[in-house]
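Order of writing sets the chain letters: A, B and C. Residues in each chain are counted from 1.
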């Protein structure tokens, strides 16, 4: 599968792109206000160059496996240099220009693309750095940020495509996921390498988060993010598989008994309804991931200021 | 005593926590004056001129036309000082010469026709009106420099600051530039290594070294004192 | 480079170029939505839309074949996707995706090829898109040129020193060398970008987009916006009635 992350117009079903467009507009507006608060004019060139840089990097495809290619996402790179809010705005600007000038990604699909990369991708990329970027796990945190951002963006894109009713043979899905993982690891490695090199040239380009965040909280946040992402993927990708698995093991029944939350209904509806209903359920899942990222980012942005 | 256009007292600045770039510079520019700024590379000349319109802000006081260089005065001060950068390509960024020259007037809030009129007038002053519709990156180095100067003149400054204006210009181009600048009524500060150019244009010169002004006086005397030209061996100690 | 061609096209002088950017953005959104939500008689509807866009491009004196080829940039992506749909037994969806993505790209291209980017951003600003986002977008676009120039300088310098100009390979040392080169490219581009920004500030730039493009929504713009918005809707109604 060639880079799946820039979704063109025509790929997504109307409920999916419309919902995500509606979600993306206020999110970017919020990020823009957030980034602008106390903004130092002298940072405009840094924003622009980082953006142009990531923009250019996104257009260079590197080979992943045989006959397929992926490209750098740059969300974690932006987040570690500009901070989450400015990184979100910059990534949104990148996506807008790519859609307008380079026909890379659609206009109606701009909302989904912004949510996947500029909001969820940037915040997921920033989370590990925010938590451990100040301590001796710094490099690992940057790496994890790169991996996580690429994974979250790609998985959300894939989930949205599937919610739009695209069915993928299991083999192709498996290969795609393996490639995502490979591309994500590469993203992590490139993020670490570029940030290391930048730090050598000009140390004050890279943000220095405080050391000593609580481990447990961070681990829980990360685990939650990963679980939610994987959950969204499975829920939207292989409902039949889950159903079969559920029938075989009785997990679904037990799970329903265990969690008498709205999710039980969601699950019940999921197994019976047509794809539109499934789409609605899956969208709720994406909304939860998105909200989690947004809240995490908000908290991160707030705590940064003493 | 005449009111100084620029008055700088004990200016100090360091880049991002590194070594000091300016170490207590005091300087004064009077109306109608032209001053050359000499000194070795890295002695703080460019850093100094970036302070004059608040692009960098250090400790000490900088006053332009009686206004202290502070955030609230910046737009007024940038109206009075026109800064021509060493690299014209950094300065010319609009698609056509005319639009680029009109950039300043438009930022001043002029309407489109007024701004274009001003831009055309500035282009006529530097003799570039024929190139108005051309793309800046298609111009020669000399033409680019003139277009950059037109972009500054269009903002109507009282002081011109030129950073290494003769870089990339051939000798006839340097001569033409000196004649053009000499004909302009504004006070001038010229950062340069080009001694004949400075001698032709600036009666007074100051000499920068390690972030301070170590000497000032008539241009020929400053050059002689520091043997600041190609023909003479360097002075044993610059101080 | 692609965007230089687009930049040249966008500075044409047709009636379509002269319209207020808002009078083109609104019909574009209507067009995209009408296309994205279409299900019945999609091939016929697509054909009508295709003709509409060709007429617009010809009317704007944009080289038609070049524009059609440019919009085809989305097709490789769509082809992979169509193949996946075909493999999973849904070839109709594959065809629909290819048609919709190509026509959408062509529609966006028609807008961008008849509207200079600064004017487009001004139009978006007037339509309440956050100014900060647009400012960043504008700088970013401008700095793309800076980076590509600096990259050319660097690769020339590297070639002059006898280094082979080759894409990034897999060995660790090369990987680090490439990252280092990227970082140097970044630092140089940043230096240039800072100079450009300083030069702008020195000429009174206050963070607002230059308003050389005065927006004026004239009656002609309103008429055009109404007509151009109605066209795809009418086409869809007609095609679906017949089909």
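Here, a residue touches a chain if its C-beta (ideal position, glycine included) is under 8 Å from a C-beta of that chain, and two chains touch if they have at least 3 such contacts.
Since the model is a prediction, treat every value here as computed from it, not as a measurement.
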| item | value |
| --- | --- |
| Chain occupying the middle, per Cα centroid | C |
| Reference subunit C; chain at largest CA-centroid distance | B |
| Pair of chains whose C-beta contact count is the highest in the structure | A-C |
| Inter-chain centre distance, subunit B versus subunit C - centres from mean C-alpha coordinates, in Å | 39 |
| Euclidean distance of C-alpha centroids - subunit A vs subunit C, Å | 23 |
| Subunit A-subunit B separation of Cα centroids, rounded to whole Å | 48 |
| Residues of subunit A engaged with two or more neighbouring chains | 202 |
| Touching two or more other chains - residue numbers and ranges from subunit C | 142, 196, 201 |
| Subunit B: positions in contact with at least two other chains | none |
| Subunit A - residues contacting subunit C, complex | 1-3, 6, 8-11, 14, 17, 28-29, 32-33, 35-36, 39, 41-42, 44-49, 51-53, 55-57, 62, 89-90, 92-94, 96-97, 99-104, 106-108, 165-169, 172, 189-190, 193-194, 196-198, 200-202 |
| Interface residues, subunit C side, partner subunit B - complex | 7, 11, 116, 142, 192, 195-196, 198-206, 208, 210-212, 214 |
| Residues of subunit B touching subunit C in the complex | 50, 53, 55, 75, 78-79, 81-83, 85, 87, 90-91, 93-95, 99, 102-104, 106-108, 111-112, 115, 151-152, 155 |
| Subunit C residues touching subunit A - in the complex, by the definition given at the top | 2-3, 6, 28-29, 32-33, 35-37, 70-71, 73-74, 76-78, 80-81, 84-85, 87-90, 93, 96-105, 108-109, 111-112, 117, 120, 130-137, 139-144, 146-148, 168, 175-176, 179-180, 182-187, 189-190, 193-194, 196-197, 201, 207 |
